[in-house]
Amino acid sequence: MTDTIRGIVAYPVTPFSDEGGIDERAFRRVTENLLRSKPAAVAFLGSAGESAYLTEEEWRHGARLGVETVAGRTPVIVGVAELTTAAAVAKARYASEIGANMLMVIPVSYWKLTEAEIFDHYAAIATATDLPIMAYNNPGTSGVDMSPEFLVRLVRELPTVRFIKESSGDLNRMHAIYKLSNGTIPFYNGANHMALEAIAAGAAGWCTAAPNLLDDRPARLFELVQAGDIARARALFYEILPVLRFIVFGGLPTTVKAGLALRGLPAGAPRPPLKPLVEAELRKLAEYLAELKVGPIPA
Amino acid sequence: MTDTIRGIVAYPVTPFSDEGGIDERAFRRVTENLLRSKPAAVAFLGSAGESAYLTEEEWRHGARLGVETVAGRTPVIVGVAELTTAAAVAKARYASEIGANMLMVIPVSYWKLTEAEIFDHYAAIATATDLPIMAYNNPGTSGVDMSPEFLVRLVRELPTVRFIKESSGDLNRMHAIYKLSNGTIPFYNGANHMALEAIAAGAAGWCTAAPNLLDDRPARLFELVQAGDIARARALFYEILPVLRFIVFGGLPTTVKAGLALRGLPAGAPRPPLKPLVEAELRKLAEYLAELKVGPIPA
Amino acid sequence: MTDTIRGIVAYPVTPFSDEGGIDERAFRRVTENLLRSKPAAVAFLGSAGESAYLTEEEWRHGARLGVETVAGRTPVIVGVAELTTAAAVAKARYASEIGANMLMVIPVSYWKLTEAEIFDHYAAIATATDLPIMAYNNPGTSGVDMSPEFLVRLVRELPTVRFIKESSGDLNRMHAIYKLSNGTIPFYNGANHMALEAIAAGAAGWCTAAPNLLDDRPARLFELVQAGDIARARALFYEILPVLRFIVFGGLPTTVKAGLALRGLPAGAPRPPLKPLVEAELRKLAEYLAELKVGPIPA
Amino acid sequence: MTDTIRGIVAYPVTPFSDEGGIDERAFRRVTENLLRSKPAAVAFLGSAGESAYLTEEEWRHGARLGVETVAGRTPVIVGVAELTTAAAVAKARYASEIGANMLMVIPVSYWKLTEAEIFDHYAAIATATDLPIMAYNNPGTSGVDMSPEFLVRLVRELPTVRFIKESSGDLNRMHAIYKLSNGTIPFYNGANHMALEAIAAGAAGWCTAAPNLLDDRPARLFELVQAGDIARARALFYEILPVLRFIVFGGLPTTVKAGLALRGLPAGAPRPPLKPLVEAELRKLAEYLAELKVGPIPA
């Protein structure tokens, strides 16, 4: 089921209820909304899903809900981002038990990690389950920076590590992954603000929370580039760019939750110390969505 | 008890037993060793103490052990570094209940925090207990960078926030804190490799794990600068600089645990994915300690 | 003649004779070789042309030779990169007098310049001649970093400043120029290693010394993207990428002169302290050119 | 005469007359003012002296005037900062011919230089005259960054290269120079805003334009640290720090010329594109000088 992920990997936020735990009803609406956006896969409990801010029990709750709601309609990816190898392995096993289809694994650093340390972290997770793994590089949030050479080595030496997600926003790294593997390792762009160029450069897909607010526009952008309709792809990209930049630079949980509320799907506030979007920014987002004629989300 | 911290704030590592939890006996030896180094305070569960890698129960265990072992011989500081405000408040309360004397609080980011978010995080912790608080800035490990202006504002507006620890290694920030407060806010240097200069610049103290390996040399350095014996202070600083740089750039838990083992105090391995120090580096550390005539630690 | 520059702006090196001045014969061969590469314009005395290392008299010699050799077959751009406004104005006037078609102007800093200082620098040059101007941003070599907002302001407020060359290698800036001007200001990519993506993003052209070694491959890449043949464009880009990266990271005069010599067109050494390419690097370049089946340059 | 430079190396600005060339009368007053500030040496045609903005003839004029005015009362250092080795050698020879006592040499890059290229640049200059040389590292203005290891190698392998000036503002580099040479190579601090700490770290001197505005305060700071009076040194440093920061971050020629005019010594405007200090900044500088009770300069 996970051999052919080409296109949009959509990232839901994790809605909280006023009492503090996951709001199941909102969670399902958020997921259904993404399923309508023509994704190639849905990835739960990533950065956008505030996984770093969840208790362990909440994380398991979210993973279960994700698998249940998608119910096989598209591949389900679950994010694993832990400081200790033991905790990462435990989450990987849980994801496998409940029927997830793939893991997206990012190492997290407090103390700087050597490549030997990162490699063994991946190896321990990879041998803990049979699930295919997407190695995920995002130095800005994780504090760990893996080079293209190292990422390609992970794919070559660990059989279940088969995909790379690059969120550093550095085209040179995508070029290097492509050249080092002769274009054979599928890599995914995680930097929203350069999606057009990453797809042009050969990315197999685009990992993004944007479909929460932009519906199938990201999927259309992907298709237009594949079809060689560069002029229309470029026009669409520049049209949605203000929203892409807004959600990246304002923080995904804060901005996407604000945008969902504007679209009639209240998903709660992000978890403190994160605060809801301030009024002036909210107005700006409302304008951007209005310009794009983004409508309300079906109940 | 915490009005007059001037000098060295010593940071223990957290020793693990082979079974995985905290090794109580080694923990006590590590603490006693620091108490002999003439510290102005001891700070448990900081970066060096691998607090980011502990379960919540282990963290409480470490805090209790620290307070019990010091038993009033010097002020006890406990580190609070949490992604969510709720978890930080819970730890602050626990530290207060068990009799710690001060909190050292650092915000941690996954998503970038605004100053309003950071301020409220501190405010929530500050109102949760009566303990004095040291606001701690260390962008390299925490992902949050607080400006001198903001740190001074925290001290001015939150009555129990009374101290600042600066680990960014940027002298300009120490200068700014000094100028903004007319020298009235005690600030502490957390950047080992520039301890001489930070003390010259007016730091009230030096927060460091170095006494684990260097005994009272850091305390002597502090005293020499205070006494105006710049020539001997400089000579001592350059003498210990290789060890200071080694433990900073190799990661405190990894290098300090290795050094303690060399000194006859096995404190276990750091927690995976962190690995023990590699052989070549261990030899280098052994040489540095031998040159300084650092001896074994009393049983 | 300069209203419609779309495609490749080709940059010659400046060949030196053994006696030290410009080697006229080699200069003409270098220029003819570029004219065969299907350029939209040729730009003399840019970074690749070692203009920073020429005496004033040599600079004038090079400008004259350029205009004479091209002889109207394609627009001639002349680079103006001076620390003082007076020297820049003098060169602009000279370029105009001898019949150049356009100026490419980059401010150079020793002391950091304010925007007011940079603006007046451009204004003085712009009013000194009637030539259209390409405002050129390359913080890495010039020490001056102009924001997209400022560059767009230059175009809006100074009538002859009509084009922008961006060499910072930051896609966000191209996006900003596009959005700020609704796609109306032609911008040119100066970062070889991301040419594919810059063209996809809407660059009107690509300023490059690569045609010296790659003949019409850059022009073909530009055409393939325009034609929507992304698959072949991508294949060609990844094919020539090693050479693009090699000449950028090894320094254009050093590497391009080495490559020209390999192709049978000795263009002398770069000017000291620059040295000729070291042997190991020269072999690497020879391999890259052999793989691409780059042949000798006609006499 | 140049074996014992310990203390302040004072940097004059280069005053221009309204007609454009060097204003000789103002030049002499600027120099006499510096000679009263208790310098260990005076360095003409450095960054503060706008040497990058002078024609070759003006540069020679300035060098001659400097040597004549000082007339042996203190060692005269002349700055050599050229893109080409040939031009640097020519200036070094001229400085030697007119009786300067030392050269301060900084390589300048347009194209990034390898260590082999920088080494040969220094070697050519060093063999061109008998003058002792201060190797000068200032990546921010020159675009060339020389490591401590490389700087120490220059001193070891080129007999007349005997001093190092470090303006990167990175304490680690001063530490490295000290450790690599066992404290035997005299190094000078060129970063005004950390003068206190650099002297504490063992700098043999402080290269600064500050005496133009602060008279002998820099010399006193140097003496106080040497004498071990850290408390008074620190107090003096924090007192003058606003001026030190102001002249560094506002650009030396612009701010120092403005300050000299405030003190009754009009030294003309800096050379365009540099502009005179804007009004609001000028008021700030006037306040800083008033607070320090800096008085007018004797005619």
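Observations on the structure shown:
Order as written gives the chain letters A, B, C and D; numbering starts at 1 within each chain.
Please note the rule applied: contacts are C-beta pairs under 8 Å (C-beta built on N, C-alpha and C of every residue); 3 or more make two chains touch, one makes a residue touch a chain.
To keep track of the chains, here are their UniProt names: A, B, C, D = Dihydrodipicolinate synthase family protein.
Nothing here was measured: the structure is a model prediction, and the numbers come from that model.
Contacts with subunit A and subunit B are shared by no chain at all. Of all chains, B has its CA centroid at the greatest distance from the CA centroid of subunit C. Averaged Cα coordinates give subunit A a centre that lies 39 Å from the centre of subunit C. Centroids built from CA atoms put subunit D at 35 Å from subunit C.
Note: centroid distance subunit B to subunit C, computed from Cα atoms, is 52 Å.
Among the residues of subunit C, none is found touching two or more other chains.
Of all possible chain pairs, the ones that touch are A-B, A-C, B-D, C-D.
Put simply, subunit C touches subunit A in their complex at residues 171-172, 175, 178-179, 183, 193-194, 196-197, 200-202, 225-231, 233-234, 238, 241-242. Across the complex, subunit A meets subunit B through its residues 47, 52-53, 83-86, 107, 110-114, 116-118, 120-121, 124, 141, 143, 251-254, 270-275.
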